[in-house]
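See structure below.
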Amino acid sequence: MARYRVLIDANDEKGLVYKVSKLFYESNFNILTNNEFVDKVNNKFFMRSVVDGDMEKEKLYDELVAVLPKDSRIKVIEPKKKNIVIMATKEMHALGDILLRHQEGELEANILGVISNYDTLEPLVSKFGIPYVCVSHEGLDRAEHEEKILAELAKFENIDYIVLAKYMRILTPRFVENFENKIINIHHSFLPAFIGANPYKQAYDRGVKIIGATAHFVNNNLDEGPIIAQDVTEVNHAYSWKDMQRLGRDVEKVVLSRALKLALEDRIFVYANKTVIF
Amino acid sequence: MARYRVLIDANDEKGLVYKVSKLFYESNFNILTNNEFVDKVNNKFFMRSVVDGDMEKEKLYDELVAVLPKDSRIKVIEPKKKNIVIMATKEMHALGDILLRHQEGELEANILGVISNYDTLEPLVSKFGIPYVCVSHEGLDRAEHEEKILAELAKFENIDYIVLAKYMRILTPRFVENFENKIINIHHSFLPAFIGANPYKQAYDRGVKIIGATAHFVNNNLDEGPIIAQDVTEVNHAYSWKDMQRLGRDVEKVVLSRALKLALEDRIFVYANKTVIF
Amino acid sequence: MARYRVLIDANDEKGLVYKVSKLFYESNFNILTNNEFVDKVNNKFFMRSVVDGDMEKEKLYDELVAVLPKDSRIKVIEPKKKNIVIMATKEMHALGDILLRHQEGELEANILGVISNYDTLEPLVSKFGIPYVCVSHEGLDRAEHEEKILAELAKFENIDYIVLAKYMRILTPRFVENFENKIINIHHSFLPAFIGANPYKQAYDRGVKIIGATAHFVNNNLDEGPIIAQDVTEVNHAYSWKDMQRLGRDVEKVVLSRALKLALEDRIFVYANKTVIF
Amino acid sequence: MARYRVLIDANDEKGLVYKVSKLFYESNFNILTNNEFVDKVNNKFFMRSVVDGDMEKEKLYDELVAVLPKDSRIKVIEPKKKNIVIMATKEMHALGDILLRHQEGELEANILGVISNYDTLEPLVSKFGIPYVCVSHEGLDRAEHEEKILAELAKFENIDYIVLAKYMRILTPRFVENFENKIINIHHSFLPAFIGANPYKQAYDRGVKIIGATAHFVNNNLDEGPIIAQDVTEVNHAYSWKDMQRLGRDVEKVVLSRALKLALEDRIFVYANKTVIF
């Protein structure tokens, strides 16, 4: 008996649920959970099923291809730990939160390593027995620095996701296109408010009464990728921007870990620069 | 072309989604939205579909009966305004919020009338051209009073839901059993905290930092019926219990209206003293 | 015995609390509540005290002037109903919420009238016995239309606040400068996200997971005035922008009423395009 | 120049703010922040000031005693790291969150050690170079076990706070009375809902739509001590109680750390089984 996560992203047409559930039924699959969503505006159909059955993975995939519209994007995934690499700069909270959850067994992930442009976080990471690679950006232009990081990433095999746990440097389109919808970033504001540098300072200057954080996939336009998760917390006039930053960290780490968990459990579809999350 | 909301509450077994989606497909229904949930603990299957098609309502019902397990509870509902009666005492906010939403056309409901044990709210209700019935409890014991209310309710035809919009008297089991899962109450606390009288006073005395409100169906045990919706808001030491009450009203009215909307749109299943909400 | 709200906005220097509390003490005032805040960045001191005592208002003011730094802004206010005019367009929820609260006696306000560029809301407003003035913008340019509204406003005496309860037209600087920090607007987004037209559509297109509303004073730059109150609510991929709009209304009306209440109770200081709220 | 946190808990009477601010002013103190609260119901006055000045701590204390009512509780505290001991059982998230914050320098605390009735958490704690004491309860009755824990606690000097980071055993009144308002516990429910064992199971069975966590001081009655901080998060019918537990952990750890931070910064007053928090 095997368990599969079946993900279908198709153009909508009549009978899709019928065809897939027929296949599951006749092949004697047991459906554990089933979620569907139809976007009427874009005529898109999304389905995620978790099923138990005896069919081989490749065969299930082929049968799904046979019944679904051409150009459907179909995934049949065996739940297992995904490989992630974390990139960080100097702040500890978001990275540390992931390390702790990993240690507690909460994440379906192997952490292959942590890459940083400083050595600040090395003591923390090494406590957890995880490889730490410092790739300083000093004396390098952006392209050179990214080249070195890409070289380090190439040493890891089969990276499923790169997690930017407060990695404070901008990634170029060239870097990003290597990892489409595979880079998860935490931005320390309630996007699209306060794009760019020092969002807590911006929030303080604007006098907002609520601050937030946003986890999103990274695409070519800074801070404009598909949003995965957001959360907020209240502030008032008595908060300096440093206070906001301190308070905001609690939101950042929880939102990033929540987004990472959704990704590891194959719950996210991306389209039209948005996410469908089951 | 007709639109139906199809609600299925069945014991779970393999193939339920298949059988229903087959029926929809072969009868040429178009599925607008589809939600399923399987409660593995209780082996229960719940499904709500909104479909467009040409089949008659009775025929669709019969066909569903034919393919689903015996003892399944099946509803085929044509979306139309439901009939509601509101019961209130003296407070205006929850009742007024429903009247306003009704006036704005936000609710799929006809308000048949408002029943109160005081005449306080008559001026408000009559502004909206809705019948107001005052059934004073003075000089009556609980049974006598309820008898008179039941008599008034009997004058309205086809009541779908009774909404207790801060009706501050306890209903007896005898009353309640006439309207199983048809009475929606707003309790002014985050249940099950602060069951019973004056929950804001209780909350103040306990020194909580968050207060809330709970909309639930009414059953025989006071404040213990299936919960439909809850929400909360923050307080602090500077709030008197009157302040909490004032602030809490905003939560009460929003939560009650939200629960009412879910009921009017046939989105609620009740079982095991809980709700499944799609 | 009189009650006063004393509001002090001064440049910070040593001894301000001492000097004010000395005055209260020696003049035999009883302090009911007292709030202070010092903004170290801008060297500003804010204080709001509610006091009971026998001194006349003008004398208290003069004594405060005598002990406080020059250029301090001092207000001694007797709590009483303030005069407000509401401006709206076609939507009912925010306006209706204020009318209900007013009827329930929750607001320290006289509603002098409602001005709209349509007659849509006249039936609702007249239910509550409040004057309704329709000033259509049809066939008028912006300046002409505003001129007519200003003429209507001039007929009301002593307006304390103008409340824009989903008034969907932009006000010019010329209009606004007549009512500095006296116009309270509700913007249907979590500002500064989604400035401008149709923020729910913008939010939908961006794929956010949380939507919000912002009450703020109106200044010359659209949607950029000092923020008074904000709140948010969660959405997901299944929400159309119309769904977001419907859900957002509940946030809008609560946030606007909360901001109005803060203003009516003299709890808001404005400076540096921000608010201090006690 | 020294900095002090001055905490005053007194019976209310006219002139308290005046007398304290006079003292600060005449002794040439600079007030950084100042908060007051008067509980009219209990006629209690609370004040917390952070001041900079040249007076010695003992002298400032004596001067305050001289001007304030007898029976006032006065504290003059120099901000410095407080000594804490953490007690835990097997769960890692709440303990780990404190260890990380400590490492990041966010907490004004020395962690003297961690005491657990299991050795499960030893590997985690030792990573951070903090003493770990395992006091197994096996074969011991409650009194004997506590005796051994008290003996271990006695080895640490000057404990300011004991933090129960998911310590899953009940403490007896005898234990608790040694540390009045010094033991901070995290309860995994929105108290007073779901007192006692397995609150997530209770919440699941009740069918709530929101779950929460509560940090409180421990007194003789289990889960009934003064509440310091609470927070909540939304759930729905699809959550098993294990899912609620997993989600709830994020709330637990943030709420406990927030409460701990308030305690370390001397922001909490306790009276009437409640807290005043500045």
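Order as written gives the chain letters A, B, C and D; numbering starts at 1 within each chain.
Operating definition for what follows: a contact is a pair of C-beta atoms (placed from the backbone, for glycine too) under 8 Å apart; a residue touches a chain by one contact, two chains touch by 3 or more.
Source: prediction; values computed, not measured.
Two chain pairs, B-C and B-D, are weighed by contacting C-beta pairs, with B-D ahead.
Both subunit A and subunit B derive from one sequence, and where they touch, over half of the residue numbers involved are common to the two copies.
Measuring from the averaged C-alpha position of subunit B to that of subunit C gives a distance of 35 Å.
Between the CA-based centres of subunit B and subunit D the separation comes to 41 Å, rounded to the whole angstrom. A complete topology is adopted by the chain contact network, contact being made between every pair of chains.
The touching residues of subunit B, when paired with subunit D in their complex, are 37, 39, 41, 190-194, 206-210, 212, 226-232, 236-238, 240, 272-277.
If you check the complex, the residues on subunit D that touch subunit A are 91-93, 96-97, 100-101, 103-104, 106, 124, 127-128, 246, 250, 254, 257-258. Residues 14-15, 17-18, 21-22, 24-25, 28, 30-34, 36, 38, 40, 234 of subunit A are the ones that touch subunit B when the two sit in their complex.
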